[in-house]
Every structure is written in C-alpha cells, then in structure tokens.
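Here the structure comes first, spelled out in structure tokens, and everything after it is commentary.
In order of appearance the chains are A, B, C and D, and numbering begins at 1 in each one.
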Amino acid sequence: MRPETRPGHDAERRRVVGRVLDSGPFALRLEAPGFPAHAPGQFAMLQLDPGLERVDPLLPRPMAVYRREGDALEFRFRPVGRGTRIMGSLAPGEAVAVVGPLGRGFRLPEGAALLVGGGTGIASLYELARDSSGPLRVALGAATQAELLGLEDFRALDCELSVSTEDGSAGRKGRVTDGLGIRPGESVYACGPNGMLRAVAALAEEARAPCSVSLESTMACGFGICLGCVVPVRDGFRYLCTQGPVLDAGELCWEDLP
Amino acid sequence: MRPETRPGHDAERRRVVGRVLDSGPFALRLEAPGFPAHAPGQFAMLQLDPGLERVDPLLPRPMAVYRREGDALEFRFRPVGRGTRIMGSLAPGEAVAVVGPLGRGFRLPEGAALLVGGGTGIASLYELARDSSGPLRVALGAATQAELLGLEDFRALDCELSVSTEDGSAGRKGRVTDGLGIRPGESVYACGPNGMLRAVAALAEEARAPCSVSLESTMACGFGICLGCVVPVRDGFRYLCTQGPVLDAGELCWEDLP
Amino acid sequence: MTPDLSTELAGIPLRNPVLLASGTAGYGTEMLPFVQLEQLGGLVAKSLTLEPRTGNPPPRIAETPAGMLNAISLENVGVDAFLADKLPALPPHATLIASCFGTEPGLYARVCERLDAADGLAGIEINASCPHVKSGGIEFGQDPASLSELIRACRPATELPLLVKLSPNVTSIAEMARVCEGEGADGICLINAVQALMVDPETRRPVLANGLGGLSGPAILPIALRMVYQAAQAVSLPICGIGGIRSAADAVAFLLCGATAIQVGTANYANPSAAVEIRDGLADYCRRHGIAAVSELIGALRV
Amino acid sequence: MTPDLSTELAGIPLRNPVLLASGTAGYGTEMLPFVQLEQLGGLVAKSLTLEPRTGNPPPRIAETPAGMLNAISLENVGVDAFLADKLPALPPHATLIASCFGTEPGLYARVCERLDAADGLAGIEINASCPHVKSGGIEFGQDPASLSELIRACRPATELPLLVKLSPNVTSIAEMARVCEGEGADGICLINAVQALMVDPETRRPVLANGLGGLSGPAILPIALRMVYQAAQAVSLPICGIGGIRSAADAVAFLLCGATAIQVGTANYANPSAAVEIRDGLADYCRRHGIAAVSELIGALRV
C-alpha cells in the first residue's frame, strides 16, 4: 500500500469549465476559477469539448499542471496527436473542462534534490523545482530546442541547471542522462519517457538515492473509475491516476513497461 | 427526364482543398484556386476536416455558392448545428475541402423575373440576381435582420427589392410571401424553407408563371453515389444533388415534402 | 411545472431514469466529487466476482472514432471486500444495484447469495456479457441455453430484483430477451460493449494487450438503440437502456424506444458530471414539451 | 524503391488492395472526376436486382457519431440497364466487380447468370447482408442454412469468382464464413452495415423514414476489424475487409488481420478522393517500413 500522506491524495477535486487565455503549439493557459489547490506533479484531465458535441476525440487528455498563477492554469505539451494539436490551436475564450487536481504528486524534497526532465516530462517538474527549498540541480533534455518546455522559467530559478538536446540545438548535444552523476545526499525526481526514467532509476539505484518517477499511461477517466491506467509493479499493478502518477522507482517492474 | 441543358449539369467538378480567408457566424470565404466555373444556384460540399482526422461530424455539408470573385468562394449560412457552427469559427488559413460545383443551378431568366428568398435560401439567389439581364424583382425574408444574408449586396444591384422580417427588425414585418403578387410575364425563382416554397409555388401556379425552386435535403455525397438525397416528385423521386437542387415547382409532390 | 422524473425498473423505484453503468463509475465513492448519487436514479457498481480479481496487463484501453475499446477484464475487489468496505462508504439514500460476474453459473449464484444477504442493495444485475473475458462471460450472453442455465442458477439465490445484462454480440437480441423473460428475470439491461479490435499499424500488434476488447461510447449508440427497440418489441420485461448515452436527447431516444431507465457509461469518463447534466436535461425536455411525467415517454416512439 | 502493391482476391488479380465498396461509389462513372478507376484495385458497383428497384422514401440517411445511418433499400437501375448503359461507360482497364441482390435465392441466381454472360466483369459479389431490406437480405446473412441455400443457388450460375458479402449482425462470423467456404464461394467480403436505429427526440420518430437502417463509417471500424480477424482465423478463403476505412493506417490494420484487399465505403462521401489517397498512403507505409510487397502484410498481425 502507498502511504496515505502523499500530497494531493486527499485534495478536493472538481470539474471546472475554464476559458482559454492563450494557446499555442506548446502551451495552453486557461482561466479556471474554482479549480482547487494542487500539489506539484499532480495533473488534470482536459476535455476540449465540454458539451460533448464533437465526440472525436471522445476522451479527455491527462496533462500535468505546469504552473498556476491566480486563476490561470498553465499546461505545457508537444503536439503529438489529435488532442494536443487541438489543444494548441484553441481560440481565446473557448471553453475547456478541467477535472482535477488528480493523482499523487511529488513529496517536496527534504534535502538536496536532482530533478531530471525529458521532453514533455519537463512540464511535471517546474512547480517542484520552484517550491523546493534545499540545494537543487535540474537537468532538462529534449529532442530539440523548441521542445525544452519552459526553459526560461527554470532559468529564473535558483538552481544548478544543465540542458541538453539530442540535436545539439540547445545546451549539450546528447541525452539528458549522459554523464549524469548523482551526488551524495541527493534525492532524485524524474519525469520523461520510460527509457529515460529507466536510466535514471538505474543511476539512482546504483547511488542508493531515493528516486521518485512520474509516469504516463493511457487514461480514460483520471480518477479511478475506468481501471484502464495500470502500470506493472512488483506485486501487481498500480492505478496510475490515483496511486500515481508519481511512484517510487524501486517498486516498478521496469522490464514490463513499454 | 430532366432536360440535359440545365446549367451546371455537365460542368467539370473537382475536389479542391481551399484555405479560409475569413469566417464568421454567417459567412465563410475560402481561397480555392482551381475550383471550376459554376452556374448560379449550384452548390458545393464542404468538408471541414479534409484529412478526416476528427470524424465527428463525418460528412461534408452542402452549401450554395453565394458568390465567387477570382479564387475567392463565398458561402452564407446560419449556424444551426455542429457543421455550420464550426464553419463560422474557422481561423484564417485553415484547410477546407470543397467538392463542386454540384447539381443543376438556375436557368438564367429570359424575361422578367421575381426572385424569392427566405432565410438561408437567400444564399442561393445572389448570383442569379446579379447575372439576370431582364427586369428583376427580389423579395427577401428572414426571421430577423441578422439573418438577411447578403442584403447589402442585393441592395447594390439594379432591382426592385423588398425586404421583410418576421420580427420586424428590418423591412416589413411578416413573411416574405405575405401580399406577394406575381406580375404577368414574370418567371419565379425561389429558395427557402419548404413552407415558403410551397406558398410561392401555389402563387405561381395560380398566376400560371413558370416557377423554379431550389430545395434542400440531407446529403452524404453531393454527386450521386449515396442515393440519400431523394425528394418526392410526381413520378417517383429525384436525386436532389444531381437532378436538383433546382426543380420545377410543378413536378414536386408538395404534400410528401416535410 | 416541475416534471415528475420518477420511474421504476423491475420493481425498483427510481428517483429518475438516469443510472451510472457498471464498470464506469467505480464503486460509487469515486464519483462523489462530481455527482451526488442521491440525485441520480441509481448506481450500478463495478461487476463483482466471488474472489478478488486482477485484470489484464496494460494497455487496457484505447480511443476509437467516437468511442473507446477496453479490456479491463473485470478486475474487482471481490464481493466480500465490496460489502465490507465499499457499500458502507456510499451515501445512505443512493439507490445501489450490484453487478455480479463469474466464470460459471454456480459462481454467479454464490455472489448473488452474498449480495442478497447484504443491506442496502436495491437489486442485482447479472453481467452475462463481458466481451473480452475468455472463460465464461461472453458465452452466457451469446448462447440461449447457457443464458437460461445462468438465470436458473441465480434466480433462486436472491429475492432482490434480478436484472440480466445482455450482450450485443448476437444475431437476435429478441431471442435472448425472451430467454430472460422465460426464466423469471425481473428486467434486462442492454447493451454491454460490442466485441471489437484495434490494431496499431506501426507495431503491427493489437492496441490492447488482450487483443480483443469491448467497444463503447457514442459510436455504438445507434446499435444499442436498435437493440433496445427490438427487445422492447419482443418482451414485456422492463428494460434499462445502455450504450453511448451522453445527453438528455440520447436518454429520451432510449425511453421512446421502450427503456424504462438508462445507464450512462463511457460518458462518465468524458465528463464525470454527465449523468447529472442528463437528469437536468430530461427535466428541461419535459418542460419544453409539456410533459408532466417522464414515464410518459417510455415506449412512445411514433412509428 | 517502389513497393509492389498488387494483390489477388479470390482469383482476381488486383493492381492494389484498395477497392470501392458497393453502394458507395454509384456505378463508377460518378467517381471519375475524383478517382481514376484504373489506379485502384477495383470497384464494386451498386447492388443490382433483376428488375429496377426504387428505394425508401426520404429521409434515407442520417449522420451519427463518427458514422452514418442509411436505408436506401437497394435502389438500382436493374441488371439489364446496368449491362447496357453503365458498364460500357467505365474505363476499359478498370477492375469491376458487380454486386447482386434479390429477395430469394432464385432471383439472385438469375442476376448472376446475366452478369456471367457479360463482358468486362472480374467477379460477382453476393450481397447477403442488407440490414434494412425487409424481405430477404438480412435473413440470408444471419442464418447459416439460408446462406448455404443462397450460395448453392448462385454458385452454378456463374464461372466468375464468387464473393459473398456477410452481415455483421450475427453471433458468430466464423460460422458464417465456414458456410461460405463449405459451399464453394471463392471469397468473402465483410462487413456490411450494422443494423441500427436513430430517433429524433423532437419529433419522437425514427430519423429515417424506414425506421431501422445500417450503420457505417469509422464508428464501426473496430467491429469490422474484429470480424475480419475472426473470419480469417476460421477459414482459408480470401477476405476483403470493409468497414469504416478512411486512411492507409486503417487499410494496413485490415491487411494485418488477414484481409487480402479492402473496400472503402462511407469515406468516399466524406472525401471522394479517399481511395486514391489510401492507395498512395499504402505505398508510403511500405516504403517507410521497408516492405517490398504489400502482400507481406496480409495476416501478419503479431499476437
């Protein structure tokens, strides 16, 4: 059983119909008054057609809350399919339903922390970085410069930031995990593609550092009613939407993850 | 059998992917180079999702060509359902597939003509009015001022124009057929709701005036492959997309029309 | 005028015709942030087996055009944990129907017995129609003789109203409905998901780990509506209509075709408040059409 | 590398696996502005009856979530007018399959005879599965014995490759496929539209004048794919996959499940150039995956 103290677990959740403030290929900002307080690493389900008039795509899309400022909720993403493409081309004022906050987010680090974000996984880490109080290192990687979501925001934080891109268009050329060392006493927090998480988890295990990873899976509901979002752990499955998306790296069956 | 000389019957037709120039709740203008020449009263099928990525709504929507200027194709409509609502909220540059020109349009009047347009039916009449050379009367009616599609354009034509709205917000208060008289020698051309067309046809019959009406029906294809668009005539059915949308008032089974 | 939304399903009085479908509303508590269960007709909880059951490996769900595919495979906490932990957590005035499942008639019957002994249940729905469980399930709902046998096993196991949830994967839904009537079921619920398959052309594998799955959502609504209509023509049992319902207009269509109540399934994922919105929309519809009681709509299709 | 797109269906060599489905491409000439028929695998023309036939009154079609409902009721010019007027108007190198329909086996057989005597046909598809014609049609495709009888009547009437188009409205598509194999059909085509109903809550009437109709389009793709897969497991007859196909990715999925060719139906309405785009997309897919011949995909699902 997961500890019941994980932030966000007992948080109030709600469905709020927000309005688009602005939207572009990598970001969506909504005016969403009434959306309850959330913890870093929690997510929301975004229904781009709140009246269910056009039911293709039918299901809402899970998105980490990148940042909240007042009533403005911000999401960061890459247009990979229909949902994210629509998300990036909404006109200001359009309605979007937001269900959340959902899932168990990150526990705030108690000491030094290393945050590793790959691609769209970066979006789950910004508020954790912002709210951390101990010594902080952040390593961000993406395929190319444009996909280094929110880089400016991380730059403005008091942290040791390293950046890499696979095509070398920004920062070091290579993968975010290349040459990544874990320093003694650091806790590790990671979000990104499974391959990256696997590599980070292996490094953490070697360094005996606690390691929390935020995963993705296909989700229909986001709050425990469809049972669709399982990920394999040592003793069975976890529902990623209610028991995750943040899990301890050590409990996952990495070999069964895609 | 319909005469084979109806304009548009043998016209070349094509599928062209156009780009939105502008769009609003009552009008859509597309840049559609390569769209073949059309005749007044012909229509097009508009597919708002040319790549068939979002298949709800799935089918293209039939729309009369309101006007063509160079490569700009203009459509006028009222947002009544999903398709027309989407049509009215497209961003400039978005792609829309246009199949057409389709159907048999109006034969240009040889003498005096009376054009009667009701509601969105007005859209089918503008080019007929513009291209008519004989004495011309135009009667336009709608529920309310905003739905008098293209009124300014008709005003700029050399014709005797009368306007009515059901709520009295523009022109005479009442229906377009109220007090409508057909003058000797006039041919009648009408497009609008079936109730209005029925009334116009009755007036024309009484006055023994030739009367062409442009009808609507549900359409899946617009060019004869689904056989879905039948309307009842004296000797069976007509396919509205290939044998219409303009039909002789006299051949219709008005009592079987909805 | 406040229209009377109340209806009755197989002897179960319902505040209104809108229920939540089994497997799409968890055990009810998950819905509480979005729906007050007492405001709905009722809740059909996730299907229960005698023992706790783990489902299929992921991926278990996938989106399809206007629908979704699932192969959860009836993962559930088991009937005992349900009665001990889940049932007591529900608001006391919610109308609750339990759903039961087993791989053979005897196992179904034992679940029915335990449910029968519990307090706070308004009825039992037998899930005779899971489209992707390999043993049991689909056979019961697809073969008249097995369906008979199943109902015959469950009927004596409970005095609660017994509803049978039918599979759409049959040649004649009328025939299956008649079997239910003949065996003394109190009502029928239809449809469950339609057996289906999606393939990923990039990996050349089925999208779901299980291969086959069940298709649900708006895509199947016209199929469900047809089957409800055909079943209503065939039997006089009360019918609960299910399949792709997402709006009050959809719900009205099912009532007109002969359903006395409806269940909202996949739409709960798309909008967890869908069921309350449908209930409110039904009231609006009645008001707009001058209908005093929603029950006037049942079977009132003009043909 | 130019991938080899050729395939074969029931002895009919096809330039590529993409055909136009019966009833969704008229008699072929209507498609010429949008599609060069010689660039496709082939065309299955609108189903023909012995005598000309008028269909249902309007409304005959309606849109549904990601699909459409139709009850055209097999309106057609009749086999003689087809042979006299329609067939000669088609481009000489197009591969043409005629579809035949009747209300009893003998009438089907007589259509087959006339078609057999004609020049320029590559094969005959028997439409055993019209979901909304009241006499005949649905019974043949839903009942194994009637299906046997139907094939037995048609088989001797022609030496052309004989394809049987199956109904999805059955409990076991495998059983129906086996009947076709047993009776000497050369191939099977599936699926036809799924029997369905839509109701207009405002008028409280069925949306279609006919009441019931056939559901087609992307909504049914996952059902069609499942049935093609099940049929391919059950028989060794060649299979032509139909149902909701709108993209090359969809076509690949059907080939992987065991279809040797596919037909594009409702997508022709949504985009009259869909079939050519699918053909081009298949070539791209093969190139991208280093596949030399599209036939390598047939049945290559990894399970």
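Please note the rule applied: a contact is a pair of C-beta atoms (placed from the backbone, for glycine too) under 8 Å apart; a residue touches a chain by one contact, two chains touch by 3 or more.
On a predicted model such as this, the values are computed, not experimentally measured, just so you know.
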Fewest hops from subunit C to subunit D - one hop per pair of touching chains: 1
Farthest chain (mean CA position) relative to subunit B: A
Distance from subunit D to subunit B - Cα centre to Cα centre, in angstrom: 34
Where subunit A and subunit B are represented by their mean Cα positions, the distance between them in whole Å: 51
Distance from subunit D to subunit A - Cα centre to Cα centre, in angstrom: 46
For subunit B, residues that touch 2 or more chains besides their own: 55-57
Multi-partner residues of subunit D (at least 2 other chains): 65-67, 217-218
Chain contact graph, described as a line, ring, star, complete graph or other shape: complete
In the complex with subunit C, residue positions of subunit D that touch it: 64-67, 69, 142-143, 169-172, 194-199, 201, 203-206, 211-213, 215, 217-223, 225-226, 229, 244, 249, 252-253, 256-257, 285, 300-303
Contact set on subunit A toward subunit D in their complex: 55-56
In the complex with subunit A, residue positions of subunit D that touch it: 65-66, 218
Subunit B partner contacts - residues on subunit D that touch it in the complex: 23-26, 30-31, 33-34, 46, 54-55, 57-63, 65-68, 70, 72, 75, 217-218, 246-247, 266-274
List of subunit B residues in touch with subunit A within their complex: 53-57, 82, 89, 91
